[in-house]
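These notes are about the structure you will find just below.
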Amino acid sequence: MTKTKLIALMGASTLGLMLSASAVSAQQSGNLTFLIDNGPQSVAVAEAWVAAYTEQNPDVTIDIEVRPGGGEGDNIVKTRLATGAMADVFFYNSGSLFQAINPTQNLLPVTNEPWQAGIQESFKSVVSAGGEVYGTPFAPAMGGGIFYNRPIYEELGLEIPKTWDEFMANNEKIKAAGKTAVIQTYGETWTSQLFVLADFFNVLAAEPDFAEKFTANEAKFATSPAALRGFEKLQEVYEAGYLNADFGAATYPDGLRMVATGEGAHYPMLTFGIGAIAETLPDNLQDVGFFAQPGDSAESNGLTTWMPDSIYIAKTTANPDLAKAFVGFIGSPEGCDIRNEAVGATGPYMIEGCTLPDDVPPALADMLPYFQEGGQNAPALEFLSPVKGPALEQITVEVGSGIRPAADGAALYDEDVKKQAQQLGLAGW
Amino acid sequence: MKSRASVIGGVAAIAATFVVFVIPFLFIILMAFKDRQQSALRDFSWPNGFHLWDNVVQVVQTRNWMMVTAFINSTLITVASVTLLIVLAAMVGFVLARRKTRYNGLIEFLILAGLMIPPAVVPTIWLLQGLKLFGTLHGMVLIQVAYNLPFSIILYRAFIATIPRELDEAAVIDGARPLDVFFRVILPLLWPVTVTNIVVQSVGIFNDFTNPLYYLPGNQNATVQLTLYNFQSQFNTAYNLLFTNILLITIPPLIVFMFFNRQIVAGMTAGAVKG
Amino acid sequence: MAVSSIAGVSDVAAANRPMRSRSPYPGWFFLPAAIIYSVLFLAPTFASLYFSLTRWTLFDSTFIGLDNFVQFFREPFLVQGLVNTVIYAVVTSSLKVVIGMLLAVMLTSQIMARGYLRSVIFFPVLVSTVGVGITFTVLMHPTAGAINQGLALIGIKGPGWLVDPKLALYSVALVDVWKGVGLATVIYIAGLVAIPRDYYEAARIDGATPLQNFFYVTLPLCRPATATVITLSFIGGLRTFDLIWAMTKGGPGFASDTVASVIYKQYQAGFYGLSTAGNVVLFILIAVLVVPLTMFLNRKQGHE
């Protein structure tokens, strides 16, 4: 903690220097294209970065191109890389999806660029291939857990649950008070995976070598009791009747609105939702808190974390120096400050010298202790293993809507990951 | 002539079509009038205020007036591809319906295959790059022609069959060359089908989403359907702007239809006279 | 294949020339269309056939023989997807034929407000599939949607159109009909208009009732239109993808998956070889169903 603060101070003091330095010595010219996804946060922050950078470098123009997110976006990125038509600088996932775009062949390594010195090793490890680093963080780190409505907790006198049983007991009280205990939004299928994915800290607590064994085709969701729990939890909240009436059709913005305004008490989600709440429901931002998805024992209570998405430079860029200068700008404390200004703070940064504002929203304040000393956290499975089945979100919708029992769902998912492993050419599949 | 039953039938038809076809359209319009908070509820309610103009301004200005570029590009692509499609498809349909050779089966199979097989995106991009057509408007036009030819040919072929063969044979005896026969005699007779083709293909190409996404990257090449993605993502959706956008990009097809709607009527009376 | 067919056609044209010095139906009329079609569609399609036999990441490919086909048939929801695809195609194309023809008969009769009716029925054709999908997803919301709120007004509790696994496929099919019936109607109108008035005159002299008129004159004589509508909407139904994707993404779970959406999901997941193999399978499925169907429809046409 103290170390972080120190670095933060250093960062703040050097900020003025760097500003003038980049304005004088690193004066660049030329044109870049910058491909991002169409999430409003991405667009807002990318526009802010481009505006700031082109103001300091008036001879530079940067065109932002927008693509859809999700699987459709993955296809665009892969197609454009495979056909040599990628934008100079682009935004994409880190971790298992990064490995699938053949980085050594398609991307420009940035291992020895000056700004990389300030980036945390844990992030570099999820954007590296063949001994080279390719990525620069686009956003702060995230946690996967449960947003809760603070006024409901106060009104009913509830405690933050440390075990799953406590969580279910809270749900029972909330339901008894005539409120929606758990919000689910299967209208947007990716949101249905959270109970399974965010349970991974608890899986690792029970089976520390699950990820390696899973990659080697030795551990399975269906046969590992700890891993199966995530699916069971999904089934339990459905069967107990805790869900909102329109859980099958509600969308992610609906879920955020419900937890922020007290239409529901709990919403399992990634912490980047804080940014969307700050944007659309600023008046309710103070009403939303956050806790890690509880496991079966109060002793091991920790957060499943997600590495941020990343910025990459395409190997085909016509202007590598300018691209590097721009990416270095994004990966600097100045870039973080611009992000804080544009979309607010949503989590701890992976860049040394980056600071969070003093008055962070309560949900973020609830999340930070997990990252600090004495707090416990573990990365999500997709950062420890390249194997992630594409049909998980459909399967979790089924389990979470009572169409399929948890054990069946887990077994089906084990079947689903096989293709991915074969496609990656992993041993043992 | 009009009996009471037919009046009742007419009123019933109007009422039924109003509920089935007009109300969804009204819903789009109502949403376009709302502000962001109200539109997020997505219910069928009266707007709390008149926000249409604000929404339109915002939609048009978003991402550096992308909508304007998109309208120009989409219009150019649509006009060029539909013109080519009409001429080429009518030529194929004409000869195919008139001449029976042993290759007709193969040609018809290829036409059906074009309807049936989904295009192979990545090899097509490699090919376009080789031809220096990738990311160009005329490359996009040729792609649209290739992908939509089978549909147009099928429409034409079916209706050329209904035109009496004596007509073109008479023209040949009068000494007209094949191109003259085709352009002066056949094509005008095909006008009702041509109208159908124009309307359907221009709407389809104007509204195409996936092909421009893959073959026409870059902001300067934006087409209208891509503008929808400015307001709808997996993380957030501004429903008022999204529906305003849907409304705006439906206007050009609507104009095309209103213009040709009369032509369909004209085609009908022509048919009646002919009969 | 295509190139040889063109060459063949011009051979025939050349052979015919001496006999009929000026054929009004020259083979070169095929040429411009054939060039564009073979270069931009057929050639890439043949190239992609090779990739269906490989494990393909777009960046490199490994030859694996028929493994992709084996894997595709092992997809857990493929069987349901096949059944769904056929149901969807049959439901949408038959509804489009029946409703389209009735609407066309109505619109070519002396009905009041003909212009209004024709316009509103055709209007959905003009809206993009994405736009239609978004609109109906919102209208079909189980609690807040306008459809169920409207039903509630008359005391009916509306179903979960898109969230009930038993109903989702049919709900999308209904929207597909809503969107496509205008086109079927226009094709039928063009077909009805082509029927010479004499037939109706003759039928009228024979004292035919309007119903007899319809069954003995209209129905047989607009067979080309029927063939066109069936071919287009049946193939469209089998290939259907964008509306399902815009509305349910094959969900809830896998309940409204069709073969095309299963293929697209493989594509999205980066299993490019597998999805190409799926395309081959879908093509064979369509060919098996459609080729006999069109032969049947065209033979009937030929007999007239």
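As written, the chain order gives the labels A, B and C, with residue 1 at the start of each chain.
Just so it is clear, a residue touches a chain if its C-beta (ideal position, glycine included) is under 8 Å from a C-beta of that chain, and two chains touch if they have at least 3 such contacts.
Computed from a predicted model, the values in this text were never measured in an experiment.
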Fill in: Chains in simultaneous contact with chain B and chain C
A
Worksheet item: If you take the mean of the Cα atoms for each chain, which one ends up farthest from chain C?
Response: A
Worksheet item: More contacting C-beta pairs: A-B or A-C?
Response: A-C
Worksheet, complete the sentence: Taking each chain's centre as the mean of its CA atoms, chain B sits from chain C at a distance in Å of 15
Fill in: Distance from chain B to chain A - Cα centre to Cα centre, in angstrom
40
Item to complete: Two or more other chains in contact with one residue: find those residues in chain C.
Response: 58, 141, 144-145
Item to complete: Could you list which residues of chain B touch at least two other chains?
Response: 122, 126, 232
Practice prompt. Please set out, as single numbers or ranges, the residues of chain A touching at least two other chains.
Written response: 70, 79, 82
Discussion item. Taking the touch rule as given, give the residues of chain C at its contact with chain A in the complex, in rising order.
Written reply: 55, 57-60, 62, 71, 76, 137, 140-145, 160, 162-165, 249-255, 265-271, 274
Item to complete: Would you mind writing out the residues of chain C in touch with chain B in their complex?
Response: 2, 5, 8-9, 12, 22-27, 29-30, 32-33, 36-37, 39-45, 47-48, 51, 58, 106, 108, 110-113, 115-131, 134-136, 138-139, 141, 144-146, 149-150, 178, 183, 186-187, 189-191, 193-198, 224-225, 227-228, 231-232, 235, 238-239, 242, 260, 263, 272, 276, 279, 282-283, 286-287, 290-291, 294, 301
Worksheet, complete the sentence: The residues of chain B that touch chain A in their complex are 36, 40, 63, 121-122, 125-126, 129, 134-135, 213-214, 217-219, 229-230, 232-238
Worksheet, complete the sentence: In the complex, chain B touches chain C at residues 1-2, 6-7, 9-11, 13-14, 17-18, 20-25, 27-28, 41-44, 88-89, 91-92, 94-96, 98-99, 101, 103, 106-110, 112-120, 122-124, 126-128, 142-143, 145-147, 149, 151, 153-155, 158-159, 161-162, 168-169, 171-172, 176-178, 181-182, 192-193, 196, 199-200, 203, 207, 209-210, 225, 228, 232, 239, 242-243, 246, 249-250, 253-254, 256-258, 261, 264-265, 267-268, 271-272, 274-275
Item to complete: Would you pull the chain A residues touching chain C in the complex into a rising list?
Response: 70-72, 74-75, 78-79, 81-82, 100-102, 105-106, 186-187, 189, 245-246, 248-249, 390-391, 394-395, 397-398, 401, 403-404, 412, 415-416, 419-420, 422-423, 425
